[in-house]
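Letters A, B, C and D mark the chains as written, and numbering starts fresh at 1 in each.
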Amino acid sequence: MSETINFTTTESMLINVANLIENDKYYWVAIGGSPMMAMMLARKTCAPRAYYVVEDGTISPDPLEYVPFLSGASGAAEYRAVAWKDMNTVGFHCAMGYYDYGILDCLQVDMYGNINSTFIGGTYEHPERRFGGPGGANEIASMCWQTIFMADQEKRKYPRRVDFISSPGYLDGSLRARERAGLPANTGPYRVVSEIAMFGFDEETHIMKLLAIAPWVTLDDLLAEMDFEPLIADPLEKLPPPTEQQLTVLRAEIDPGGRILGQGTWIEYTPED
Amino acid sequence: MDVLASGKGVYRTPDPDGHREWVRTHKSRELKSKVMTAKEAVEQFVSDGDYLGYDLNIHKRGPTALMHEIIRQKKKNLWVAVRFSGMDPAILIAGGCVSRIDIGWFIQSGTCSRAIQEGLIKVTEWTNGAVVYRQLAGAMGLPFLPLRYIGGTDTFEQSGAKLIKDPFTGQEICLVPALNLDVAVVHVHQCDEFGNARIFGSGLSPMETCSCAKKLILSTEEVVSSDEIRRRPQLTTVPYYMVDAVVHVPFGTYPGAMPGLYGSDPEHMIEMMMADRMDTMDAYLEKWVYAFESHVEMLDKLVGARKLIQLMQAETFREGYRA
Amino acid sequence: MSETINFTTTESMLINVANLIENDKYYWVAIGGSPMMAMMLARKTCAPRAYYVVEDGTISPDPLEYVPFLSGASGAAEYRAVAWKDMNTVGFHCAMGYYDYGILDCLQVDMYGNINSTFIGGTYEHPERRFGGPGGANEIASMCWQTIFMADQEKRKYPRRVDFISSPGYLDGSLRARERAGLPANTGPYRVVSEIAMFGFDEETHIMKLLAIAPWVTLDDLLAEMDFEPLIADPLEKLPPPTEQQLTVLRAEIDPGGRILGQGTWIEYTPED
Amino acid sequence: MDVLASGKGVYRTPDPDGHREWVRTHKSRELKSKVMTAKEAVEQFVSDGDYLGYDLNIHKRGPTALMHEIIRQKKKNLWVAVRFSGMDPAILIAGGCVSRIDIGWFIQSGTCSRAIQEGLIKVTEWTNGAVVYRQLAGAMGLPFLPLRYIGGTDTFEQSGAKLIKDPFTGQEICLVPALNLDVAVVHVHQCDEFGNARIFGSGLSPMETCSCAKKLILSTEEVVSSDEIRRRPQLTTVPYYMVDAVVHVPFGTYPGAMPGLYGSDPEHMIEMMMADRMDTMDAYLEKWVYAFESHVEMLDKLVGARKLIQLMQAETFREGYRA
């Protein structure tokens, strides 16, 4: 029997995303938070030649360390970029098709990959809870070739239909729905990642499809944390558990204080041989 | 080229010819000194009811000194273009200055959320990019620009965008109306007395925000000679003829960071965010804004030289931020 | 009796334009040739605070000397600009209304101030003589608030109607013709300048109107060099003759070799007391 | 949003999604060396029938070495976007490379005028600004842009522009279709082996021309380290991922001027213009292009070190052209 490993759900989420990141592909990454941590992790492990832009116009920087949002205000986040441009320039490059993947953290993602960051409950005019709006997620989800969403596995985060489509997934799921709305052809959600699951989307129906599940949870556990039943791949794959290298890089290089990694709950997992 | 759908959000009808008339009659082509105090600049160039924009946010290169002065002068009913923002809309809202916002994005803020939920301020939905893109349209002298996003979403429905058939390809594409701000306030690294300005580091929309505005107030870390500007014309972000006022305010973005010069003040940031969360923004503004006549007085009495030197030391990345 | 002065028609043309140039106004000047020479002359005489851009994106340069077209290729023409931008940026600033006047040299200008730089004779498909096209004159004549045209006083240069409207004047002269074509409101030709005449345009009909005439020619001489009869101002003013300062600056500072100034024919003129 | 009028000029229908597919499948995101010879770059990236653009002209910062190589390789049926040009369209036409041009403007040239009058090349009318604006539309990933000029003229009638009613204001405005070149050839001051490039001095449309093209060949005065590029990210004109080939050609714009580095060669310019006037361009091309394998061979055998040193000395204005 293998050794037992311990990690937080936050670590697991970041690792699941980092495992998707490829060398020699270009990413538009949300400027701070989990997507950037996942990118840093990938660049220090499986994909040292993954390149990215952020929304403020920083093109292919080479930061020395992960830069959390507030210190993203410092020069550290822009360090050794190949170009310092602006938001519109990054938008133009994305519109021209240069960015393969977007990576976004999201509040809610529905069965068609539509995401909500505007309000929950009540009506648009009288919302119960109002949030910050789409930000740059709309342009990322519209114009990158493929989009990777991160959402914790909680029922309220996986509704059947979001209260408000802040940024586009496959909209109503119908053929060419995105193109009819003016969005670039052949784009759309690619993966939805949680701490325990990896989803894709059915090519025909555009309905979310469970591709892989963490080996320490059951399918029933997972489905209990969703408001709708996703399609399920056959065979359903197992997600690889965190490696020692990934956990070490996260803990020693990316978040040495454990300020963010420590926010998740702890998992104890013993791989089968 | 039929209009297939229109968002129902409120927006100001673009008026490129009206903007041209403003530029013709109000923007001086003269190379004259525009140096004045923040108090003078805001008195002269910010009016109640103005459509206000600024570049970046209170965490980084935002025009804090000028925003504080707007709050100090109790400007009212501003329509604020909010994208990629931090606590900046929160302090403007807490100051009672705002009646309407365009939302690209605001950071999680009790002040903002409450004001919207209670209907105290009106909202039109956009995206970060769309707000900046609308400013670009204004800065190009156009009434609108086509764009490849926003479509299909509820954001579109609550925006002022339209979906049309492109007459060249027959394909669907969205249009957004140009935004020409009434007044923009922007903090820069360097400018000369006429307003020829340099901003270093990644932008957000320095050119667009400065160019699209009827009235433009720059605050600057440094006033340099016009000779220095003319030695490196490549570095000029906007030329003088767009600028109405130049306000010399070192540490003018404090508590935010000025890339290459000084870092942000984490203690202050936490104090600001706690005030927002605890709904004690009035006390925060009293302490940091109303109690003083100017930014430098606040820096002198509340921040102090030791802290400012620490913030300069904290910004260890200086490469690339020099002329 | 005053002293006799001698000057070329080229000098007279440049001086007539320079006399129109004002301090603290902004000009979009064609990148080389006569318009730039007139600007240099004005900046060294009556309007040291006249500012200008050229089409390549040079904003408010402070060149040490007049830069003829080919050496416009050197850094001399860009020297001490307040900003080095590009053609589109200059176009945006013009579209926003920052440029008070355009100054253009032209091949042909008609009674409504339309200019032709595309072809003469034959048809568009089979032109007898083909020229270089509108260049930047179209944007200058469309978007500057007012446009100053330079055209030698020759019948073929002042046709009733140009063979081809390369760049817009008042089009067919009708009310709001420019606005209906999508051009900015309240713009249009301001002056047409030759070596012996200054024209404006009637506010109602938009027909070219003779405002002033050189004191060394008669009205009949002038009209013989036009294909149409312009409106004539009452009173018809006399153009001021070249001053000694203007001629000295032109000859000593702007074109010391006389390469361009010497191309005109010589005028001998003795002012009346 | 009715189409009120359409020019009858020939233009390529914009296809932003087609351009995206090209970028997706042909543009490498990899940071890999793209350094090659002009011969290799033109062989690999310029095809007969391509829509070709370049920045500036043979008098200033034009890509002379690359244009000569295109002529040397006898590329055919190019559609060339000509604006603010000098003798450059004339040498391409004389080389038999061109079948169609977009006219912004060409300098008075017997070669050009004759080719048009005799119907040897086809023409669509635009303006300098409109050609560059169409490239901007392509560089923004759009199918079209609105603009405030070209309307009302015969130029409009012979162009591909349209006049519409703006759905936001109800006012008339023109639209021009985006131009995504098949191939752009641009000469720069500096770039690294990956293609991160710097151009100093006033532009014309360096960003637009580089960005809108499917294939982009840069020639450069200097290849600098990528470290050097990353030290001053502000100065980068276009990032590497747009670049397909980097060709190191010092004096690559000769006989034209490279601002800040060397002046143009007036003797050569006169020789070129006389060849155009006397209809002896074949001999001119034989002497300056076909007789050599490369630009450096031509410089070495026909121009010589003394002349090159003189040209460097002639460019006395260096201020502002340095990193």
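Rule of thumb we're sticking to: a residue touches a chain if its C-beta (ideal position, glycine included) is under 8 Å from a C-beta of that chain, and two chains touch if they have at least 3 such contacts.
Computed from a predicted structure; not experimentally measured.
*Asks:* Does A-B or A-D have the larger number of C-beta pairs in contact?
*Replies:* A-B
*Asks:* Could you give the separation in Å between the centres of chain C and chain D, each centre being the mean of its C-alpha atoms?
*Replies:* For chain C versus chain D, the centre distance works out to 29 Å.
*Asks:* At what distance in angstrom does the C-alpha mean of chain D lie from that of chain A?
*Replies:* Averaging C-alpha atoms per chain gives centres 40 Å apart.
*Asks:* Round to the nearest whole Å and give the separation of the Cα centres of chain B and chain D.
*Replies:* 37
*Asks:* For chain B, which residues are shared contacts with two or more other chains?
*Replies:* In chain B, the residues touching two or more other chains are 16-17, 141-142, 147-148, 171, 173, 200-202, 231, 233-234, 319-320.
*Asks:* In chain C, what residues contact two or more other chains?
*Replies:* Answer for chain C, listing residues that touch two or more other chains: 58, 78, 80-81, 84, 95, 143, 184.
*Asks:* Tell me the shape of the graph of touching chains, choosing from line, ring, star, complete and other.
*Replies:* Contact map by chain: other.
*Asks:* Enumerate the contact residues on chain C facing chain D in the complex.
*Replies:* Interface residues on the chain C side: 54-58, 70-76, 78-81, 84-88, 91, 95, 114, 118, 124, 126-139, 142-143, 164-168, 171, 177-184.
*Asks:* If we count contacts the way the header does, which residues on chain A are in touch with chain D in the complex?
*Replies:* 24-26, 49, 51, 58-60, 62, 78, 80-84, 92-98, 100, 143, 145, 184-186
*Asks:* For chain B, which residues count as touching chain C in their complex?
*Replies:* 16-17, 19-24, 27-31, 139-142, 194, 196, 211, 226, 229-231, 233-234, 236, 238-242
*Asks:* Any idea which chain D residues touch chain B in the complex?
*Replies:* 1-3, 13-17, 141-148, 162, 164, 166-169, 171, 173, 175, 177, 200-202, 231-235, 319-320
*Asks:* In the complex, go through chain B and note every residue touching chain A.
*Replies:* Residue positions touching the partner: 56, 59-60, 83-84, 103-109, 112-113, 116-117, 119, 125-130, 132-133, 136, 147-156, 158, 163, 171-174, 200-208, 256-257, 259-260, 263-264, 266, 269, 314-321.
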